[in-house]
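Letters A, B, C, D, E, F, G, H and I mark the chains as written, and numbering starts fresh at 1 in each.
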């Protein structure tokens, strides 16, 4: 029972963070929300008994993907549709 | 000894050799230019030879199976796995062999052409690496028998294509084309992945033959079919989703464009494989056939009408590529529409499909040739704008001859290869529905008109003063063009040779779902 | 970054490296494998890059070396698979499993904590993929960062 | 060898390679005959090579040249209504590309479900 | 064994609460610390879940996480500090 | 050579910790040991210039290592607990008086300043915000600046800690033995 | 206009996907013949305790080389994007 | 108990990702959308392979041998790598586009049209 | 034995969760960045150390009870995770605070700011 509630919580968090990624106009915040999404999806893989995939997603989503996106933001521009 | 070895392991070598070449290319490119040239040409030649050997084996022995990692068939399809192959199996039937031959031919010509065409650019080892990876991707896509493997090679192909489209960075327009192509194709690939998930969830299998043998017409199968058809039709450039085609084809280096045509045809192959091998008669064939026909007709009309007012020569040819893809879709769609009906199939269905499939080969040849000539002109005068060209026939005679061959072939003028396949499509489609055949003929006439314009504005007219010093294209470019041009002429003169040896087996391999399943799963 | 971060990066880089290698080496008995371990090590390289900056790091970790690492990894992978031809086996045949000797010790069936020297060609391929991913992902970061540092050439042809 | 000379059957069409080779050979012979009837007095570098336009001086090459944009003007003018609709569809906007792709997917889905 | 699950559940709820700061946070660094907090909780939850599943090998995922999310934070910090 | 040996040794120890419980030679199986040596050598070759960048091998002496091992669960943990209680108090009451102050550390080595900064960050209501790269002075954000502290140019580091004198511990671990030698 | 079209498309896709998940059942796969085979025989055939790795590197090893190639392709592509140019580059024309 | 909630999450995330692709004008934002879409595909695959009460497909000293299906995990690993490679290549394109055009707004990246 | 273990682990988990909760409350409640960082860095690190300690205690106790080495591995790996967590949290908090200060974000209601003075 508790386990299912936790599972549902993580799924809800996934949906919320995905919509945050869509919603933020500040790209830095959007990337952070994507990082949050990545944490949660890794936790979800963990819950679904896929530790290999969880490690992979952790290494990619937590470390490298965020880093690459940050570099790209630095090279392009921080705000969607010009500075506020 | 070596021949026997290659004969046995041809499907594995087909992918392994370009891969090995690509992996070593960045290292060997550092040594010297000649080494790199020799390496790339040698690798491409060897893989072309392997492809031909594989094709001859397929044509003599029937479908060739190669399972990775096991000799013993019981290890591949063990007794207690529910009859599902547990390893990746390469299933090379006649259709795959047909596509392999196209890829080998055009790939070799384009490599030969690019040896001098791209010599003025920087970063060449990357270019050749990506080219070999594209070759590898096409080979893998057309010969694999495992659906997830198909997805992986699709990604390799689209990624290498995107890299090669963006190869000439400066100006940024090429990168823009690449990003459009790449975003579209990666979203398409994600939908393919969803479809794979659906099949896996239902049948617990990834092998194409197993999926084909178990498929029903449930809701999930319908959704998977739609996802696959939309994604693959988008990647081969059918009309409402063709927007990336002119961008990408016009901005890529010319030798790569010639091969991109083959790459999009590999997606076409995937489309046919899904429609015919997976679903076949379980499909509501008339509906799906008409959908494909409508896509094809739209492609033909919109492609050719958009081509006429273009000013950029490669963009114009790219729209023609869209239009010619429409012919293939039309031919095969007519075949699909009458699939379940054996008498109609006998009377015109097989003929229409032969026309469509034969057109794949012809299109790869002449469209590759046209793109290569456009590249040769660009190489010499540095512009692609038709308004600035003129009078080049005085300087570039061989290029002009090759261009004439290609233009006449695409317009369907006898005795070149375009005519043979178009004739087959017209006549069989005319029996099915006369309106479609008339549309196809009108499109053909418009194609001819458009190429007359191109020919006139590039080669005809007085010799312009700024192009007085233009020389003929270098010999290796002429070699690449010459191979394709001579093949176009030969196939035009002896179409029956190709149709009986290559195309008809391919068509029968496509339509005969039972044989495909039986060749993998054995008997039953 | 400040001195503290640089010092932390110095300490953490060997830790990350040995941990990544542990994941690679134990790919066939615990979760992990070539790709995951390689990604961990590549992240370690990214850590050094972020602590010291692009210009300084490229003097220690060259692009050529990383590219060589990647090519060696890929060649090792495909080579391991191709060696099967020498034994007359098909491509990707696991010719070491169950043969005894290096990596070929037969496993005890059923739940057990696992031995390192089992798995046939799988550990070799794990290492090859690990090296490849290490080089590849670190190269991606370096290349992307080089886009931020204006070269003289880029300045000129930027117009 | 028989495949080389066989007739390609397309239902109603007729395509024999021998006939085509024969036809090409005849055409080449005719062309040679016409060519052989010409006079042999042509020399390069003389005033023979210059065009004779009613005695007027030769216009600039640039003026004789017809750029491709001027070709098919009539056709484009006649089809103006069509082109005014179809060309703006090619917006070059990536969002539009995606919209087209997904809408085609939805359309196919609706068709398949309705006619299933 | 319930205490482990309850702790995990509470950690999940705290994660969602930290996401509130991710939404509200007026500046970039505020969001970064929110993500950092989530990250810490994820690691704690993973370690505890390892006990819940009685699978020791799962804890490796948490170590990977602890090592690698640090890198993402550093990249973001470097970007915010204007040094990248 | 020494950096290589040091790094290899540390990597080997790390590998042994990671694989503890795998076999019968002590806690390890023979294959793990062999693989550990190989991987440790690889690590040593690749990262010797990172771990031993400052060529400072003081921490290798057993006395200092022992002190480090005592320091982390001992004084450091006590301060940590106290700091957390403090933070809990402030979270609940919301009574804060923040400010950034300068702390004179008098530490010379990288390891010392690193340990001090981390101790400060994790312990009493303080957070290291910046570092003066030349003099090794730390800039500290204090959640509750003491009365009168904002007037001073700098404060001594030991004044920050109330229960245990952490800076002197760090000095014993990371710096030279006698304070007189510091020059 | 664009928003309306996009909304319609997204709504239709939502319905499609919901239709896609309705027949599925979370937690109990419909068929698991192939995977049961992997679980039962994977350990003795390949000597891997980790069945996932056994599949990745042995049964479906060819996929993995494709995967590595994808990564390699990306690296080469990124390298081409950020290469240094030398003179005499081909020029674009508009 | 849990019904099809993970699948439902997959659906919603997919639609959000597609919405980002359809509506957002910023290239980087679009790429974040593609990233999310890719993750949702991975989650779909993994959910397909989950078996109620199963353990991870690794033979340790775990209590039972009722394991979840291993094949989707293998597929998912491949797909994650592909997703990362895709992101890297796309972002490098975006960086070059910004360098040449001075913007990443899709309304202005339209030199190729007609 | 088992009951004692349950009580000990419950107590440790309880402490950890309480401190984590305090950290989150501080994160939500405090007025500016630096004070929030105080809350999260210290409290969540401390809380996570305690939850990990619960796991370590559980692992060691089971190891001693059953003499099954995998529980020893559990304890060691949990310890490593804990160590990594404490180490990286401290450093990343420093890096973040420094970056925020560099980006021109100064502490609210501050009585003094020596760093800004030193820089100017």
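Going forward, contacts are C-beta pairs under 8 Å (C-beta built on N, C-alpha and C of every residue); 3 or more make two chains touch, one makes a residue touch a chain.
Everything numeric in this text was worked out from a predicted model, so none of it was measured.
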How many steps does it take, at the fewest, to get from chain B to chain F if each step moves to a chain that touches the one before? 2
Using direct touches as single steps, what is the fewest number of steps from chain A over to chain C? 1
Report the chain whose CA-based centre is farthest from the CA-based centre of chain D. F
Between G-H and C-F, which chain pair is linked by the larger number of C-beta contacts? G-H
Taking the mean of the C-alpha atoms as each chain's centre, how many Å separate chain D from chain H? 45
For chain A and chain G, let me know how many angstrom lie between their CA-based centres, rounded off. 18
Between chain A and chain E, what distance separates the C-alpha centroids? Give it in angstrom. 11
Between chain D and chain I, what's the gap in Å when you average each chain's C-alpha atoms? 74
Provide the list of chain E residues touching at least two other chains, using ranges where the numbers run on. 6, 28, 32, 34, 46, 53, 55-58, 60-61, 63-64, 67-71, 74-81, 83-84
Multi-partner residues of chain D (at least 2 other chains): 87, 90, 92, 94-95, 98-99, 102-103, 109
What parts of chain F, by residue number, touch at least two of the other chains? 18, 21-22, 117-118, 128, 130
Spell out the part of chain C that touches chain A in their complex, as residue ranges. 23, 31-33, 35-36, 39-40, 42-43, 46, 50, 137, 140-141, 144-145, 147-148
Residues of chain H touching chain C in their complex? 56, 58-62, 65, 77, 81, 84, 88, 91-92, 95-96, 99-100
List the residues on chain B that touch chain C in their complex, please. 5, 9, 12, 16, 19-20, 23-24, 26-27, 66-71, 170
Per the touch rule, the chain B residues reaching chain D in their complex are 179-180, 183-184, 187-188, 191, 217, 222-223, 225-227, 229-230, 233-234, 240-241, 243-244, 246-247, 284, 286-288, 291, 302, 305-306, 308-309, 311, 348, 351, 355, 386-391, 414-415, 420, 423-424, 427-428, 431, 449, 453-454, 456-457, 461-465, 493-497, 499-501
Could you please specify the touching residues of chain H with respect to chain E in the complex? 55-56, 58, 60, 62-63
